[in-house]
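Each of the next two complexes has subunit A plus one other chain: subunit B in the first, subunit C in the second.
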Partner chain A sequence: MKALKTLGASALWLAAPFVVAAIVWELIARFGSFPPKLFPSLVTVADTFWKLATAGLLWVAAEATLFRLVFGFLLAAVVGVGVGIAMGRYQWAEDVCLPVVSMAYPIPGLAYAPLFVLWFGLGDLPAILLVAVASCFVVIINTWKGVKAVKPIWIRAAESMGARDRQLFRLVILPASLPYILTGLRLGLAQAWRILVAVEMLMSVNRGLGWMIFGAQEFLNTDVMLSSIAVIGFLGVLLEKQVFERLERYTLVRWGMMAA
Partner chain B sequence: MTGTARFSWKAFWRGTAGVVALMVIWETFARSGIFSAALAPPLASIAISLWRMLLDGTMPQHALYTLGRVVLGIALSCTIAIPLGMLMGRVRAVERFFLPPVSVLMPIPSLAWVPLFILWFGIGNTATILVVIYAATFPMVYNVWTGVRSVNPLWLRAAAAMGANRRALFRKVVLPAALPFVITGLRLSFGRAWIAVVGGELLASPVWGLGKVIFDAKEFLNADVMIAALIVIGAVGLLCERVVFQALEHATVARWGMVAAAKR
Partner chain C sequence: MVEAIKAHNISYEYETAAGAVLAVKDVSFSVDDAAFMCVLGPSGCGKTTILNMLAGFLTPTKGEILIGGKAVAGQGQDRGVVFQDFAQLFPWRTARRNVEFGLEMRGVPPAERRETALKFLRLVKLEKFADAYPHQLSGGMQQRVAISRSLAYNPAVLLMDEPFAALDAMTREEMQKLLTEVWQATKKTVVYITHNVAEAVYLADQLLVLAAHPGTVKAQMRLDLPRPRDALSTEFVEAQREVLKHLVH
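Right after this comes the complex of A and B.
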């Protein structure tokens, strides 16, 4: 009984801010100075959301967005981890790449968007490439730091026990730098996610959540825009909770590299 | 562990070789005729347009507008985020009320809101600055909240045992202890805001701004101007990160001994 009560209380706490926000929104929508087309009531938004969801449009858009996210991020992960490991392991690679990487790192990936449009046209290819470019630098930098941070004594111990280069890499360096690499991948995926929506707006891809928002702007369909933003928020929370936290649990904690 | 990075000529020449190699690749790519010269300009014409725009003062003015938006946006977001984060860290009810909406809004990319802000507030400055505020607020709230919660409880008890009242406790113990997190938050906020402002300027098209330069240059196929603007964006971002924030860190938390001077 008591457990039920605390459960009810925490559900109430969870719902409270959203209920308050909904009431404020509704008051502005009904009595504020915005025209209803620009500031629709929540009933309209919910209705539109339901229509879009049942017609399948939201899922098609979400699927296209996730497809780009996955491909762009995979490209960034492969290139980023590869370059980062090379930079961490070989001094010459570090010397050659570090100036280039640290010059490119602070340029927001989105600023390349118009250039990529000129080069590759509109559509999926430049969007995926841009997402990859935008998210690979943070992966490179973290991987590099991780490989550099492997305790030299572990390497020497493994070497004195006769580990060959490949074994050294697979059994010592890779596990030891994994927390950093995973941090880099996590940051890279977050970066890709933040940029992808805007990329879709600028590249006018033929479907996608960002494009849906941008297209709805032309027709003043604020309710469609808010529905897409809701899906974006939902996917964002899902990525954070399901992908990252799970990844961390399965690898780091199990291998004892980090406390649970 | 490399220790303090010592300057070595070997590393310097190798780094130069990397940069030169990149430039050579670009130059051959530009002259190969895969893309026309308007789309992939050779280095000389990029340098010329950069120099011309720097000299006639348009580029500095664009950069100042962009920076101004970032600074204003971060300042406004701090006035929301720092008190909110502190209250969330200190008062249980505030934390329980605001944490769910913050964690729902945080993963929504700020740029997703641009078209909506444009509809509400028109194209131009307001929409762009609002995007910056949205981008900068959440890392700040999150860091301040974490900072206030992670104040060493021993310090709190010690101060309380020595008779500090609530206000003194807050001002003398909680605030300085949370400051490293506030500065980290500021750094993160700047990184996010810098991306958001460029995106905002691309989409919301105010009159001035580095993003606007890129957007306009696309219309006229001036790839050299676009790349010049990219270089300025990167340089200003790097300068802010390296000079402003490291100086800030040195002047505050490092001097007070709150962090081990941030580097080894």
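Right after this comes the complex of A and C.
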């Protein structure tokens, strides 16, 4: 009974900010100066969301977006972690890559979009590549810093027990720099979302959440736009909870390298 | 008597921004096989530098070190190292998997590795904590895991750099007793760095007393008090006084 009570209380706390935001939204929608078509009531949005979901349109869009996101991000993760580790471990790799990475890092990925269209045409390929390019730099930088931050005593201990290059990488440097790598991957994924939604608006793909938002603008379908935005939010939370937090609990928290 | 370790006129010079600093100057000593040698000295006497040269982390700028008759060149599995810092254990591995590390490097198959690791955890009375992660263990327990980790792959020499300095007094005493037992059971040659006279007299067969700036040998002595040693006995106090004479000018 008591457990149920605390569960109820924590659910209430979790819901509170959303309830407040919803009330504010609803007040503006009903009594604000926007026409309802431009600032729809949440009831309308929920209704549209339901219609789009049951018609399967939302899932088709989400699927297309997730496909590009996952492939682009995985590419960025693999390349980013690899390059980052090499840079952290070998002086020559740092000397070669750091100037390029530092210069490319602050350039918004979207700046390359027109180039990629010219090079790779329209469709999934340029979108995936653009997502990969835009999100790999933050992964590289964090991995590189993580490798630099590995406690020297771990390397010393491992070397004194006979660990050499590859074993040192796999068994010491990789797990030791995981806190930084995970941070880099998180930031990378956020970057991937940002670029992808924008790219879908620009690159005239024929499906996707970004495309849906952009397409709905022409017909003043703000309810459709908001439904797509909500899906992006849900997917973001889902990836965070189901992938990153799970991974973190299984590694860093269990190892005492991060508080629960 | 066989000599397990022989250092011949070793010196070490650090390069700093202000120029070269001589940390260790013409130090020579030898350690008998299966003996427990303490290196005792004030801070700045280069005792950790000497240990790092024995471990192969540093190369002497002059002189030579022989371990088991072979010149030291870099790290090797003939030596085990225990550091002062509790953080030396790998936090991502359980106690048992930490102890297995050296065996893994040698390509020992998993089942055998596991068995050996458990044997060495039993030696430091931690078999119950085999599956605990380092952060779940106290400082003293972590140092015990570190000792069993550096013994598990069977090195000839155990190098210890003030392993108990960061522990509270009571735990430290327990650890000294346990280490004596472990050493007697495994018959390793031990080089143990400390700045604590009572600890040195409690543990050592052989004692190397250093003076600072630069690190030079002040005295070499042998202690043959019977074991287990009693820190309150007159002989023990007498031995401490003898050692102290070399430390105070």
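Basically, the second predicted complex is superposed on the first by the 220 of 260 C-alpha atoms of A that agree within 3 Å, B and C clash if a C-alpha of one lies under 4 Å from a C-alpha of the other, contacts with A are read in each partner's own complex, and residues count from 1 in each chain.
Just so it is clear, a contact is a pair of C-beta atoms (placed from the backbone, for glycine too) under 8 Å apart; a residue touches a chain by one contact, two chains touch by 3 or more.
If you're wondering where the values come from, they're calculated on a predicted model, not measured in any experiment.
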item	value
Partner, of subunit C and subunit B, that touches more residues belonging to subunit A	B
Which of subunit B and subunit C A:A163 touches, first, second, both or neither	second
Which of subunit B and subunit C A:A22 touches, first, second, both or neither	neither
Partner chain in contact with A:A11 - subunit B first, subunit C second, else both or neither	neither
Touched partner set for A:G236, first subunit B, second subunit C, both or neither	first
Partner chain in contact with A:P114 - subunit B first, subunit C second, else both or neither	first
Overlap of the subunit B and subunit C footprints on subunit A, listed as residue numbers	none
For the subunit C and subunit A complex, residues of the former touching the latter	55-57, 75-77, 79-81, 83, 85, 87-88, 90-92, 101-102, 104-106, 133-136, 149-150, 153
Touching residues (chain side subunit B, partner subunit A) in the complex	1-2, 10-11, 14-19, 21-22, 35, 39-40, 96-98, 100-101, 103-116, 118-120, 192, 194-195, 198-199, 202-203, 210-211, 214-215, 217-218, 221, 223, 226-227, 229-230, 233-234, 237-238, 241
Interfacial residue positions of subunit A with respect to subunit B in the complex	13-14, 16-18, 21, 34, 38-39, 92, 94-100, 102-104, 106-115, 117-119, 148-149, 152, 193-198, 201-202, 209-210, 213-214, 216-217, 220, 222, 225-226, 228-229, 232-233, 235-237, 239-240
Complex contacts: residues of subunit A adjacent to subunit C	151, 153-154, 156-164, 167, 171-172, 175-176, 178, 251, 254-257
